[in-house]
Structure formats: C-alpha cells, structure tokens
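Chain lettering (A, B, C and D) follows the sequence in which the chains are written, and residue indices restart at 1 in each chain.
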C-alpha cells in the first residue's frame, strides 16, 4: 500500500501529544526512577498517583504514574487547539463509529476519551492547569535534564489501519519503512507538532505501547544518564543505545522503568512543519534505518512492550522478516 | 499598551519564516564567509547571486546573496500553508490597505510581495523547488553546522504598530519587554513555527534588519565557530557572545558578515506550539533578559543594522533608556 | 631577559601542585559556593575548617577553607615524589638562603613550609591520607563537575625573580609574554605535571594569588555552571568568560567566591611532558593571547587578587602598558 | 601473582609512548582513512610511506604508514628524556640479555631498537624533528579532531612476563584485572606520562597489537566520527562503541583501518602522576570493567589483532574464561 496522502484540513485540530498515564506497581520505586534518575519534576503526589512534568513544560503533567497491580499503559493523551475542537472531535468520532466519551481528569478541562480502531485508549483535552516556567531554574535540573515529552511509539497488529486512522486526524507522515515483497507499511512516523513524530506505529503484537520518549538538550545528557544509571543500580534497565537512528536522525537511548515500561531519551531530530515535506522511505533491508552506526537492537527491543488495559494483543498481520529479528 | 491577544484564526496560514535576500558588495568574499566559514550549502550560483540552504532544509534556499553596490536587506520571506493562503493573503492585505503585488522569484511558485506598515518588504510563497535531504551526508557538515534558518530580528521605530500587524497575521507572542514608565512595548518575540520566534521587533531606528539567525545542534558548534573565525581572519567579525539569552533561553553568538549584516547563531530555545502559552514579560531593568550570565552587549549591537531598500530609517517613538545603552 | 633554560635535573622532584589553603570569613557561605555550586566534595568538616576534594582525586584535599577574620590565601602546596625529596628540598632551600621549616598539617605526612623569594608561603609534602576513588560514583557529580585542581596563578611584583626561582625547582616554561620595549618577562606559565602550568606569574602588585583553577570535563560543564550561578544568586560572582585563552588554548571561566577569591574553571589545554617542548612566546600587543575570540577581560581581573598573610603587596617592577589595561 | 611494586627509579627515563609504524597494503586507501576521515595531518609523504601527526603534537610523527604486502605492526616507539637515557637503555637491555641495536629513522635522532621478552619490537629515541604548533589553526581540524596519540594496547601470551618487563622500565600500573581462580594477571594498564596508560597488555594469542589509541577533545567528537564513517562507506569499519570503559573511565570507540588495524578513539580518563597512586583491581566477573554501561564487545574485539613482523603469535598461558568471550 502506498502511504496515504496528508489530510491538510483535518476534522479537528490536534496540537501535539501531551501526556501518558502509566500504571506502576510501586510508586516509591517508580519515583526513584522518574524523579531522582531521569530528572522529571513532581507537580502533585498522592498515595495513588504521581504527576510529573519536564523542565520546559508549563502544563501540569506529561506523565501520570498510577499505583496498580499490573504495569499498564492506561492512555495516550493529546492537546487540541481550542475547546471547539473537542466538540468537533466528538462529532467526528461519532460519524466514524469510534467509541468515545467525556471523562473527568484532574488538572484538565473537558476531556474526551476514545478507543482507536485497534483498541488503544486515547484522550483529548484543550486546557490543562498551567504552572509557572521553571526552565531557567537551573538548580532543579537533574538526571538526563528532560525538557519535554516528545512522542509515543506503539506496536500495531495492523499498521495500515492505524496509519489510516491517525492520518485522517491530521497526523502527517515523515518517515516510513515498507515490507519490500508485499509493499505493505511496516513502520510509520507521524507528527502534528513539527518534529519527526508525535506518534509512530510498528508492526508487532498489538496494540501495545513500545515506548514514550523525552527530549533532552544534547547527546552529552544521554551519556550522563548512562553513567548515572550504570552506577546506581540501574544497569539492567539500560536496553539499547546510545546511538543515532537512521530514521529521524535522532540521537537515542532506550531504558526500562522498574515495571518494564520502555522510555526513550531522544534529541536532535529535525523540523517538519512544511505541509509539503516529502516522507522519507526506508528499506527493511537497510540496517542503518534503525541505527545509523550499524549496531543491532537486542531481541527484547523488538518483542516487549506495555499492554493497554483490557486489550489482548493480537498477532500482527505482517510476518516479521528475518531482517527485523535481532 | 498591553500586548495584543493572540489571533488564533488568522486571515491566512503562515507556516514559518523561510528565507532572506541580502545584497552584498562582493560575492566571493561573502561566499568565503557563508559557505566556507558558517558552512551553508550552495544550491545555485551565478555571477549575480548565490543561493544557500542549511543542512536539514529541503527547500532550495534560506539565504539569497545578491551582488549590489550597497549592503541591503532586500526582503524577508515566509512560507504559507497552501496556494489558497496566497490568495487569502492578497485579499487581506488589500482589505487593510497594505501595498502588495505578485512577483517572480527563481525556484519559487507564485510569490506575493507586500510592504508592511513600517515599510519592510515581506514576501510570501507556498511552493519552493525541493532538493533531496542532505542531513545525513555528514561529510558535508562544516563550520558551525547550520541546520536551518531560525528567525528574523528587526528594529522598528514603532514596535506597537509592528506587533499589531504581525499579530493580526497570526504570529503569537512568546516573550516581551515593556518600558516600565510608559508601559509601552519595547521588544517583542513572535512565532508561527513553534519556537520562540519567526520574527522579533526591538525599538530603534527603523525599519532595519537587526539580524537573521540560524539554528545549530549544540553550544559546542558555536565554540567551534569562534575558534575558527578567530584564527582565519574573522576576529573583528565576532560581535557578541557566546552567551545565553534570558529572553528565549537560547545559547547565542552574533557575528557580522563581510558587509556588516548581522548573523546570529542560535540553539536550545523551547517549544511553543500551545496556543494558550502565556507570554513571558521581562523588565527593561533586568540585565539578565539580554544575557542570563550578565555580560553586556557592545554598543554596536544596539545601534547597527541592515537597511531595507528605499526605506529611510526613522527615529524610534520610544526613547532609549540608559538601561538599554551599553 | 630571555626565558631561563629548563632545569632538567632539579634539586628535588615536585610531582604537581596539590592544594590551597584559603581563609574565608564565613564557612557556611563558602560551603554553599564550593560544595553546592561548584560541586567539590567535603572530606572533613569542623567548626574551623572544611576540607574538599575534586571528583577524580584520591588525596584527602585540594582545597582547605579555614575560618578567619579576613580573606587570605594562606599557602600553596605541592606534592613531591618521595620522602627523600622533602629532605633534598630542605637542604636546597637552606643552601639558597630560603627560609623553611617543618610544619604539622592534618591528613598529611611530613610537610615542609618555605617562603619563596617574593614572600609567598609554599608547602611541600609527599604523603597524604588517601581516600577511595569516587570518579565513577556519578550520583555525586554536581555543579561544574570539578575533576581536579589544575594550577595556581599569582601576581608577582618581580616576575623574573619568581620565574628564576621556580625554574630552579624544575618547573618548565610552556608559554610566556614579553614586554616588547624592554624585553622583560611579563607573564610566564610553568608546569611539573605535564599540562600548561602548575603555577603561573603575571606582573602586578604582588605577591598575591590571582586565582586557583579546577579542571572540568568539557566546555558544556562551564555553560552549566554559568546557568546555575546566574539563577541562584551568584550573578555578581561571574567575572570573566566563558572564552578560550590564546595562551594555553584552554576554555575558561573566572568566578569569585563569596570572599572574592578568584576561581578559574578550566579545560582542554594540551600535554607538555616532552622536556624539549619549546615555549610559545606571545606579544603583549596581541589581544588574542588572553582571549582567542577577542573579548577583553574586565578591569577587576587585572587588578584584584588574594593577599598572602603578613606580606604587603609591592608595586610591580614593570609598568603596566596601556595594552594590558582593560 | 600480585602486581609488581612500582619501580620509582627506573634504569632510564621514558617520557611517553611516541609513535607507531604500521604496514598497510595501499597507501591511498589508508590515507583516505587516517587523513580524510580520522583527521590526522600529513607531515611527509612519499610513494613508500606517509607520516602523520595529531593536532596538538609538535613532533614530526605519531603514525608512520609504510607500504607493504601484508598488514603488520612494525614497531612501537617511545620517547626518552635525554640522550643519555638512550645509552642507559642500551646498557640496561644488555645487562638483561635483551636484544637491541641502534637504527636510523627519518626525522629522529639516535634511535635504539629492542625486542621485548615476548618478541615485540620497541624503539626509543630522544629527539624528533619539531614542527611548529598547529593546535590553534582551527581550519585544519577535521574528522574526529585527534589531539595526540594516547596509548598502545597489546595481546600478550604471558601477561605476567610482559608486565614484569615494562614495570622494570618504570611503567606504573594504574588498573588491572585478575583471573579469580588462579590469581593470575589477566590484563594490566601501565603509564609513564600521567594518564591511565602508555601501554596495556591483555591475555591472548600474542604478541600482537590490539590497538593504538588517539585522544580527542570530547565524546561529541566521537559521535561526529560515527556519523561520518557510517555515511561515507566505513560502516563495516565501526567495531565497538561508543561507550564508557569501566577500567580507565574513558569514553571510547573502536574502529578498524582498511587493513584491519584497530584504532581506539579515546577521551576523558584521569590523571595519574602521583607515584603512590594505588592501582584499581577489577574482577573478571564484572562485565562493567569493559563497558560501564553493560553492552558487550563483539567477538572480533577479543580475537583479532595486528601481527608484529616475524613473530608467530603463541597460545596464551591463561585460558580465556567463558566470562571473557562475547
């Protein structure tokens, strides 16, 4: 299948990915990881949940950690441009037979929850409690100095269906890989906010969250995090990297949180605001698409991910080629 | 005057600043500076003009150097979202009594030229000749490794009028300084593409171009450029920096091209795509607004700039306070 | 005067500069600066003194802060190769009419105190209490991530006498400036440990300490310190920089401690272990000797320094040329 | 075996490692790698050999590439303190039954060639043709910006014998690994110039050269080299890294030259000039000794190396444990 044409005038205006809600099994253990090690800032904290923001964000949260019995990716959230976009979203979803409902979320205005065609829970809001800037309070910077949430990456058992849906919402494709024999889309990167992606999909048992990513200032911050994690008991949590992706050109590191949720630390991709930017196609036969420098990803990186609540991952429509496997 | 409210649904959709046309008095001398020293890539070259792009850009040019008798800033160009936005722009300008006309520009589709209320020549296009990506051809990286054009900064003799006009076009204010006694706007940073600014205005003899800026990967690239310029005959072209701005939080360096046009090398400001992001106000009494680390800018930085063709700079409506002067 | 020939087989073997004792007027205030801001590690602490080491040092201290009524540089200390070198030092000083005596110093073995020909108190020891390595305890890194003490820089009212003395002790000259009219030495950099200097002398009211320097990993750590100091109440303590020295090629920043003692943060000079390395001569007329990028040092940097106890600074033998003054 | 005690007053004074002579099969191909890609500077060039220096070196060469039929490590060279040290070296070697002879080497003064107890050809000189400094000619910096040769690393079939010999020459041990069952030395790092090593030995089929290393300014230069090599046809020449060694704490990358000679790019180890610095012992069971961040080295890194002329590598006395193998 050729990639779909961009929808330049989507049914409602999504500004960017906004935050993720993760279920974790021990809040204190997760706090040590997300706050003391990665360096996210606590904006609220109860016995049931911790709210976090990154250093340049003024919205109340980019990560919500909720206490639970099992590690889950509870929902992926997006900010829309204005309140009227929420109503347009509701109408659009209704017209498409997409299940959706209004929900209450702390520190947010009206919030719409929907289930995407593959079963992923996605949420939309237009207003979040604003906090005062801390990006120049340099004494607060710690760990990897996370500046902002950057993207979600998801396994999909049916990438073409996932891409068609998010394309219809106005997400624009920046880079992609195609299965050469069948011509089917294998993995696709899609954006709203002007970088390589707000969300990406890769063929695999899905739907599952592959990772959530945070933007940091330079590769040296990633080296700092590696030094820190490898000498504070987090050696086994380092999964892949550091390296440069061929796709996106970003410098990356993948680490796992105490429950196994995968976190990417990411910087230096490129600007994509032009609506006529041509997507870059990569061959699955090109190992540099994953790591420009050639080193392969470990098997866990291809296979493991976070389950969404109540959605049993399904076998992917596309067979993994031997090229993909580590 | 309070800053104007953002115009969330502007009369036409400007995507970003795109390129600048500079008149220079000797193309070979300018080429040594822009190409061999800064590291921009030549995309076309004649006896009358040189076209340049930065490393992650796919459009044909972000700088056009034209041979001329005098150093001039010929025009500031912006990319609009679609062809229909050009027509909407023409209609809007007409309705506002803004002089505009269709012009022919090499490597561009239909292009609209207008004169802003202060006399600055601005141009709009929607389609530019596309070149293939070179951001992963690392052997081409040189000099300061410029990734993309980032913004224009202009002197205005009437900042409030300038801001009102660009605000009406949908540019959103991110940071600003106010003259404390009069409450008048002194300097304003305004964006379309999601950073601190596509264009900024500072009170001064105007209209004139203060500088055009290029985005680079990290502060270390700026240090590399300083080392290079100071040992290749460009010592006197280093004007200010390196340092970190209070406003924008960016790491910066200002250099002058062989004709005196001012170039900023810039990185690490923050993302501003949220339409409800609150502008940050700075006091003119706070010297950290200019350099977070406290070192003052030289007098030339406050006084010198590039003239636009046929527009005699006028004395600014606001008096420079002693705080501003070096 | 031509620079003196290196003494390749000196009377005793000095390994490197080792530590400084500074009198400060408020230990808590100094602790906030040296520990919380610069990032040195406390190795002992009493109501009268704080002992500090840098991250890669295994000796007990590189800085001793002693409580006192006035800010003073109490002594400059050097490590010698073996215990027998202490006795050779004593004999040598005696033969030269240099006043010296054995003193007791906490955490050190036998220690010899001498007064150099200009009146500076210098101390020598061969054994210091060893601490276990912390250079891979990355959670301890803070502030500018100081790795080790690098050098002392002193005003001398008679640079040629200072240089002759330290040259006789085996310090080898790496770079120097000469007063062009008189041919007299203006400033000299001298090393034992294989870098540009363990100690340097500049003409000025002396003897006084100009600064003590600490080595850090990269220029980005210096940028981090600037960001931190300028947003935690230390803006006025930033005196000069960041920049690259022409002499030494090092990247630098000068800050002042709460009592005015000057600290240089320093990195990326070059290796000088070859005994036949030819000193590099700089002209006082070359402003790039101080800052390769051209920006001048402030007047305070040329004039202020820390007094040694009981030694009244004397007018320098050389007149400051207008070129030197800011 | 316990590590030998340091010999503080060795029979002659070696200043540092100096240069390597490598036989390569095609000078043009090697030039493209060493000059155009790594960034070493050509100081002489004939149809038979290329002489190279790094950016802060003033001696004529740190690498000599000689045309030959087979890739060989021809010799490892060291600089001694003075001419008399050459004679002392000859006498010492004679007294120890070490084969040695005076040889002629272009651009060097008197040069002594010896064969170490394991069969490695080593050379000593005191004077080399000096070139003027280029460390501030920033336009010459290219590739990884190599500043200086840093160390040799060799396979030895009998590490204890190798270490005993170089220890007797005054090389001081900084870090080492021991085979836990037998207590035998597995790998040892030894220095003269004040870093972690001028030479290191690891148990393996030997004698062979494992790699020669060059010092670069920061980890970002290593990232630049990876980007360059992976997009200019050298992808397969990237063997291991980037990463941080546990041993030495250095940031590293291993690449292979066109003939398979292994080059390490290296920075940020620590200063070791103190004669009483205690060596750091690592367990072979600790995978972080090799890569602090945990990722294993590939099999080729443990097995491949450059042969010395006329010396058949021998099976190592120590069995490789399963822990060592990749």
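What we mean here is this: contacts are C-beta pairs under 8 Å (C-beta built on N, C-alpha and C of every residue); 3 or more make two chains touch, one makes a residue touch a chain.
Note that this is a predicted model, so its numbers are computed, not measured.
Over half of the residue-numbered contact pairs at C-D are shared with one candidate from A-C, B-C or A-B, namely A-B.
Between the interfaces A-D and B-D, more contacting C-beta pairs are found at A-D.
Chain geometry summary: the mean Cα position of chain A and that of chain D are 44 Å apart.
A separation of 50 Å divides the Cα centre of chain B from that of chain D.
Annotation for chain D: residues 136, 218-220, 227, 230-231, 292 touch two or more other chains.
Chain contact summary for the complex, chain D toward chain B: residues 136-139, 218, 220, 224, 227-228, 230-232.
Listing the residues of chain C that touch chain B in their complex gives 218-220, 223, 226-227, 229-231, 235-236, 238, 242, 244, 251, 288, 292-295.
Residues 8, 15-16, 56, 58-59, 79, 81-82, 127, 130, 133, 135-136, 147-148, 193-194, 217-218, 220, 246, 249, 268, 270-271, 273-278, 280, 292 of chain C touch chain D in their complex.
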